[in-house]
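Heads up, there are several structures right after this.
There are two complexes below, and they share chain A, which is joined by chain B in the first and by chain C in the second.
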Partner chain A sequence: MNIIRRELKTNLKPFAFWTAGLFILTFVGMTKYLGVGAEGVDLNAISDRFPRVILAFIGMADADTRTLSGFYAVIAYFAAICVSLYSLSLGFNAVSREAADKTYEFLFTKPRKRRDILSAKLGAAVILITLFNLLNCVFPLAAASALGFREDISREVLLFYAAAYLVSMLFFSISVLLSVLAREAEQGARRANLVFVFAFVMGVVCDTLENPGALRLLSPLRYFATSELLSGRLSPSYAALCILLTVATGALAIRLFERKDLTAA
Partner chain B sequence: MSAVIETKKLTKFYGKSRGIIDVDLSVNEGEIFGFIGPNGAGKSTTIRTLLGLIFKTSGEARVFGMDCERETEKILRNVGYLPSEVFYYDRMRAIDLLNYSASFYGKDCTKRIKELSAALELDLGKRVEDMSLGNKKKVGIVQGLLHSPDLIILDEPTSGLDPLMQKTFFELIKRENERGVTVLFSSHILSEVQRICDRVAIIREGRILETKRISQLQENAYKKVSFTVKPGSDVRGFSVPGGGKFEVSGQSVSFIYRGDCNLLLSAIGKYPVLNVDISDPPLEEIFLHYYEEGGGASEHPAV
Partner chain C sequence: MSILRFEIRSQIRTAAVWTAASALIISVFMLGVYPVFLESYSEIKNIIAGFPKEFAEVFGLEMDMLFSFEGFYGFGSFYVFVFGAAAAASLAVSVFAREKRAKCIDFIFTKPISRRNIFALKLLSVVAVLAASNIVYVAVSMLIYSFNGRSDGRFFLAACTLFFTQLMFLSAGVLAAVYMKRVRSVSGTAAAIAFGAFLLSALSSILEDVYPDYFYAPLKYFDPIKLFLNGSFGAKYVFCAIAIIASCLAASFFRYTKSDAKSA
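Here is the complex of A and B:
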């Protein structure tokens, strides 16, 4: 419990920073929709002029931006990237922060099993990811209410929130595993970032293809396609895959960490 | 007397790099055991293996009769550790860090924290990041001792401490030892080990060269000696049994010496001496001498 409390305290400042970013992204984005609607701009007409790869890059490939839900889907796309990146950083920090700061000799010479110490750190990170995702759900609903939109997007918000939560947890456990496997602390962070960039690029590739098929498996960012979520469907098979991969990767990471040589970064 | 620390053929390689090879150590209950060797000799690797921070390549390592890899948690309940370089959570005040440390042992350490901090003149209200290296080291000493461990492992503990604080530190360690605590004291400073330890193991390039009592060590220890005589005196023919590597420069003579100090002083006393300096040679020099003589540990003890 003492480790969880300390981890939460240490991560409070970055959490506030990320929260502020998410808040600005959501509220500014939603306000933009208000402005676009008031000026009578047809974003679809503009976006039709762009190549599909560009639209995929900015998350507009499958979204009808004339509707609030479609416009929100674009914001949710960036929010998903935001929560995934935050989760990656938490995963890396949970495993490697002590080595990078050279405080590992203090903590890991205390009478606690390594598994318990890492589990406590991961537990604290999961609490923060969950809170951050909850805010990702609360902010758009609050923005829609504050800006007086008539269209009800609560179903879409919940579905995009659930998708982002599942995907961010997967990125978190991937980051944890890569950090455990890395010899140097920074190496884990670099590899986790590379995996994210790869997943992002594969997501763009998937969006440009008519039928991406198995390629979709390589990009957690596209496990839950915008078109499916907008039609009210959260793929149960991809949800199960996400949970399975998260649990398996996390369990493997904890097991490997128990036999890892702890040295300074 | 039972062994608190026991290693048999303990070997650690970092990939292809040598850590330690076939290290045999036996530290008895209640003794202060010195572990001495130059930087990179394998002292910290041995200690980190004992603490379960790194995993051995082969061999055996036991503390309190328990396996260092399988029963690390149980072992660490009764071990206090002070690393050579102390790194703590910067934004924490010393008292918060020590309370955090105490929280792992499930006992009230408040009184002990106060006692130790008072002895070391440590300001508990100060943030770690605002502390000097010496003060951080003091925090390290308190956090290593606050739970009254049965075994204290010190890895080059005096770096950063001023001479007065070193004295206080040694007194603290001796007091702990008097209540039955076993101490493993790693250092590359020979005089430090001689000052406090009962026995000593000498490690070089990952291998234990010798383990002996401090009294034996002192009998066989080489000293660096130099003296200067009054102008006009001729010291070119100076010699003393047990001395070697004589160098004469003007009115000064320097040499290394092993043997009876009284014989040395009477030999020097034959000259009109202005100044005499007798000191421990640096560890590297001792090892160099050890190998130059080429006889190995049993034939020509290094220190």
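Here is the complex of A and C:
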């Protein structure tokens, strides 16, 4: 319990920072919703004509920004990026904070198994990820009601929230595994960030192609395609894949951590 | 001199990767995406023609800009900026927090060289690496530009915007490295700085209707599109950028030369 409490406490400040970021993103984003052209000008008619690759870059492929739900889908895309980045940082911090601080002897000579220590740290991180994702569900709903939009988007918010939660947990496990495998603390963080950049680029590629096929397996950010979520469907097979990969990488990371050569670097 | 050599050598490989990546991004934008983008222009022109007259005139000009080679270069530049901001910050953090991270500040501070010189040499090394990286970037940009058979003298300046933007984030990185009590992860710190700047830019594109100034969004200070539209970035933003760089570096210099050398 001590470990969980301590972890939560040290992570409080970054949590506040990320929450502020998510808040700005969601609230400010929602105020930008125009609805169907004011003054007889339909700007969406223009974005409809933009080639897919441009829309993919700004997260607007497959989203009809004339409707509030479609507009929200664009914000949800950026929110998913934000949630995933936060999860990545929690992942490598949980594994390598003490190694980076060169204080690992203090923690790992305590009469607790390594596995238990890491599990407690990961547990604390999962709590934070869950909280952060809940905010990702609360903010858009609050923004929609505060701005007085009449259209109901609670179903979309719930679906995008669930998708972002699953994906961020996957990124979290990947980041944990990479940090366990890395020799130096910095290496783990760098590789985790690289995996994310790769996933982002693959996401843009997937959006550019209308039928990405197997490529979609390589881009967790697009496991739950915008068009599917907007039609009210959370792909069960991809959800299963996501959970499976998360549990498998997490379990593997904990096993490998027991045999990791802890060095202060 | 050995500090300079050491720091440059330690950064050169990472910098080469960052440089190749930013050159690749802008090439993909200009050689891969722009031609596709241009194809859709005639249809969009038709739509704009259907808009109310005053609106169509103003908006049409904006669209003309976006669809011109220069304008699209500006659009693509923004993505390079976000990426370059992270690169510059990570360069600065890794060089300036090296001893702090390795807990060996006493090692470097007991050498027969003043702290000012250490600071100056470290700064020189990161600026040199950044400049070298940008020479490649500008060369690639100019090459693509000349392929398109266009000639606008301002394009050279537009290609240099990455360097100006990166200088700001370099200074911010130095500030972070010197003032943070612990620097656990270089890439983590750099990613946070870049992501924060990205959010501020997003904020500014939304607030621009109510509040046209964007002093809080450094990624937009050197906007190539502004340069092509107005002929300048706007003196106040250039001044702001200089102020950011000067104050970050001055504050860091003060702290670096005066602080206690804690090794723990």
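Operating definition for what follows: the second predicted complex is superposed on the first by the 255 of 265 C-alpha atoms of A that agree within 3 Å, B and C clash if a C-alpha of one lies under 4 Å from a C-alpha of the other, contacts with A are read in each partner's own complex, and residues count from 1 in each chain.
What we mean here is this: contacts are C-beta pairs under 8 Å (C-beta built on N, C-alpha and C of every residue); 3 or more make two chains touch, one makes a residue touch a chain.
This one's a predicted model, so the numbers in the text were calculated from it and none came from an experiment.
J.: May I ask you to decide whether A:Gly29 touches chain B, chain C, both, or neither, giving the answer as first, second, both or neither?
T.: second
J.: Just to be sure I read the superposition right, which of the two partners does A:Asn211 touch: chain B = first, chain C = second, or both, or neither?
T.: A:Asn211: touches no partner chain.
J.: With both complexes overlaid on chain A, does A:Leu262 touch chain B (first), chain C (second), both or neither?
T.: Only chain B is touched by A:Leu262; chain C is not.
J.: With both structures placed on chain A, which of the two partners, chain B or chain C, ends up touching more residues of chain A?
T.: Of chain B and chain C, more residues of chain A lie in contact with C.
J.: Would you check which partner chain A:Gly21 touches, where first means chain B only, second means chain C only, and both and neither mean what they say?
T.: Only chain C; A:Gly21 stays clear of chain B.
J.: A:Phe92 in the overlay: touching chain B, chain C, both, or neither? Say first, second, both or neither.
T.: A:Phe92 contacts chain C only, not chain B.
J.: Based on the superposed arrangement, let me know which partner A:Ser237 touches: chain B (first), chain C (second), both, or neither?
T.: Neither chain B nor chain C is touched by A:Ser237.
J.: Quick check on the superposed pair: does A:Ala189 touch chain B, chain C, both, or neither? Answer first, second, both or neither.
T.: second
J.: Does chain B (first) or chain C (second) touch A:Pro51, or do both, or does neither?
T.: second
J.: For A:Ala100, select first, second, both or neither according to whether it touches chain B, chain C, the two together, or no partner.
T.: Second partner only, chain C.
J.: Do chain B and chain C land on any of the same chain A residues, and which?
T.: 101-102
J.: Touching residues of chain A toward chain C in the complex: what are they?
T.: Residues 17, 21, 24-25, 28-29, 31-32, 39-41, 45-46, 49-51, 53-54, 57, 78, 82, 85, 89, 92-93, 96-97, 100-102, 185-186, 189-190, 193.
J.: Tell me, which parts of chain A touch chain B in their complex?
T.: 2, 6, 10, 101-106, 108-114, 259, 261-263
J.: Please name which positions on chain C make contact with chain A in the complex.
T.: By the definition above, chain C touches chain A via 33, 36-37, 39-40, 43-44, 47-48, 51-52, 55, 59, 63, 79, 101, 103, 182, 184-188, 191-192, 195-196, 199, 202-203, 206-207.
J.: Using the touch definition from the top, list the residues of chain B that touch chain A in their complex.
T.: 14, 48, 51-55, 72-74, 76-77, 79, 81, 83, 85, 87-89, 100-101, 103-105, 143
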